[in-house]
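When the chains are written out, they are named A, B and C in that same order, and each has its own residue count from 1.
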Amino acid sequence: MGGDDPIVLEGAAKHFGAQTALHPTDLVITRGQAALLAGANGAGKSTLLRLVAGLCRPSQGGVRIGGRDLQRTPEARAAIGLLSHQTLLYDELTARENLHFFARLYGLDNILERIDAALVEVGLSQRQDHRVGVFSRGMKQRLALARATLHRPSVLLLDEPFTGLDTGASTALHRLLREFRTTGGTYLLVTHRLDEAEGLVDRLLVLERGRLQLDESLQDDLDADALRARCAPYLDVAP
Amino acid sequence: MRSTSFSYLLFATMLIALGAIFLWVPTEQEMGIIQRIFYFHVPSAICAFIAFFLVFVGSVQYLRTREDKWDRLALCAAELGVVFGLIVLISGPLWAKPVWGVYWRWEPRLTSMLITFTIYAAYLMVRDYGAHSTQAPRLGAVFGILAFVNVPLVYYSVDLWAADQQLHPPRNVELAPAMLYTKWICYAAFFLLLLRLLAQRMELARIETAVARLRQKLSDEV
Amino acid sequence: MSFLGRALAILRKDLQAEWRTKERLSPMVFFVLLVLLVFNFSFELGGAALREIGPGVLWSAYVFASLLGLGRSFADERENDALDALLLAPGDRGAVYLGKMLGNLIFLLAIELLSLPFFILFFNLSPGFFLVPLLGIFLLGSACLASVGTLFAAMSNNMRLRELLLPLLLLPMILPALISCIEATALILANGRFEKLLPHLQMLGVYAVVFTVLSLMLFEYAIEE
């Protein structure tokens, strides 16, 4: 394994005061892998994801993205795209203005072509000049997807991305994730809806009380029931 | 030095200081007996500013190292700074009433001290009421750094504002030898008191954190 | 993307959103108007006392209004967790501070300019040359308020008692700058000499620069998790 794997945790841990959200964790996710991160509520899934996103500073250890330490080289964040259950969008701005803002924030080139292409891809070209505040939940999430991938990240972090998605948007997300993997992209998916993860992941990580308890490779075609069976021993309640 | 022997030293110094203030030092001719409050007032002011400086040191070091001990230093020093500042703000008016005829004047030294006091009181507000306990050390450190940098600006702007209102006795008054000795004994006594209280309070804070950890661990295991 | 480029992108986004909703500007100008009105009854304005307390009244109104405005300045970022998106962008996060700070500076200036006519009217001032140096004081004073104010707004963004804490933090910290703003405004209204004005201008300049630089350095600590 080279030193420039897309996601590397080296003894990364996170404490919140006296509470330990994540015990020191080592983890390497290699290029093209698609990992599912499961666990009960409060097991540390979000903490781990936010550490990998650089949104949360490790109390110990470090996180490297593409071989670069997130704390020392803030430019390493350019490789990351984050899609969460929150849209991370501005309701007062139009769809187009939102994307334009993020394109400028990332210092992208060919901004207009990129935005046009992204809007077509998520099927929002017709509504591009409408305020995001009037969008339906599904449309917002599609735009959020366009936002998260506008800078062509090599690592996608997905935090409960299926929450509130309509069928159309959900299908679009599935299609995009498969395409993303075939082009060498790596992603880490946090979800409690294991049926949505069906056919999307080739590696299963399970957290229990801030510790990584299970880490195994999966067959791509593993169905939701099999996933559930594997996670079950580590979940306090049935997923 | 062990804390008990340190306490004896402090106790002895304080006894000497009290003896010097109330039995030995001659009464000042113009102001009379009330001048003796000066031996509490000035050392308290010095201790307050030492404490504020320690808040700054603790804050910078906490952000650099993330070690709890630095945060404890900042928090405990801020509490003591506020306490000593309060002594200054109470003893000042007690002195001023007979000498100036009023308890309070918007005189530069008084005003600056009052503003500085409110800044550090605000620091304690951040720590106690504002921040969730997990972020209090970090946000406190940011505020502790800004607060200390602000102190000279407070003094400068207040001096500009009321340059003609200056009434406070200047710092470099010539003192009779006995008064000078008493002053230095009081400095020593107050400085030792500050150190002792700081050590005590920091130890208490350490125990508080340890208890919180234990409690958390217990509830995790149950 | 350059540091400045990212800061300007955020500034532009904030201005765009504000231009559309005006949800900060209009209420804040109205608030200044109300405060001037309240002070009018508290002090029995009129006559010779006018020029003496006028500057204090004006700046009190501005400071209270700016507390409201600064408190709202991270509201858009809180909604939908948009702040995460800003923090995800590569590069030094000081740029986020700078963008937000410039936005706040422009808001504060806009409020001051829009409510200045009311002040002139209520205090029976005749518009004249004094307005030019007064704008300089507005600029410096707003820069001081925006410098610490933006950092504290970011800090209080995820505090309990957010609305209560921001004034408690900001008011004592801003006092040195506020004193100089009031003094300088009084000097200008009284046609004071430039030599007397200069130390106040220096004070405001030093305050704004020191706290902008410090905030740039500390912003990352103020918002991290």
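By our rule, a contact is a pair of C-beta atoms (placed from the backbone, for glycine too) under 8 Å apart; a residue touches a chain by one contact, two chains touch by 3 or more.
It should be emphasised that the depicted structure is a prediction, and the values quoted were computed from it without experimental measurement.
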{"item": "Target chain C, source chain A, minimum contact steps", "value": "1"}
{"item": "Contact-richer chain pair [A-B vs B-C]", "value": "B-C"}
{"item": "Remotest chain, chain A as reference, centres from CA atoms", "value": "B"}
{"item": "Most central chain, judged by mean C-alpha position against the global CA mean", "value": "C"}
{"item": "Intercentroid distance (Cα basis), chain C paired with chain A, Å", "value": "38"}
{"item": "Chain centre separation (chain A, chain B; CA means) in Å", "value": "50"}
{"item": "Separation of mean Cα positions, chain C and chain B [Å, integer]", "value": "31"}
{"item": "Per-residue overlap in chain A, given as positions that touch at least 2 other chains", "value": "none"}
{"item": "Of all residues in chain C, the ones touching two or more other chains", "value": "224"}
{"item": "Complex contacts: residues of chain B adjacent to chain A", "value": "66, 133-134, 209, 212-213, 215-216, 220"}
{"item": "List of chain C residues in touch with chain A within their complex", "value": "1-2, 5-6, 9-10, 12-13, 16-17, 20-21, 76, 79-82, 84-93, 224-225"}
{"item": "Touching residues (chain side chain C, partner chain B) in the complex", "value": "148, 151, 155-156, 158-161, 164-165, 168-169, 171-173, 175-177, 179-180, 183, 199-200, 203, 206-207, 210-211, 214-215, 218, 221-222, 224"}
{"item": "Of chain A, residues touching chain B in the complex", "value": "16-19, 59, 209"}
{"item": "Residues on chain A engaged by chain C in the complex (per definition of touch)", "value": "50, 53-57, 74-78, 80, 82, 84, 86-93, 97, 101-102, 104-107, 131, 147"}
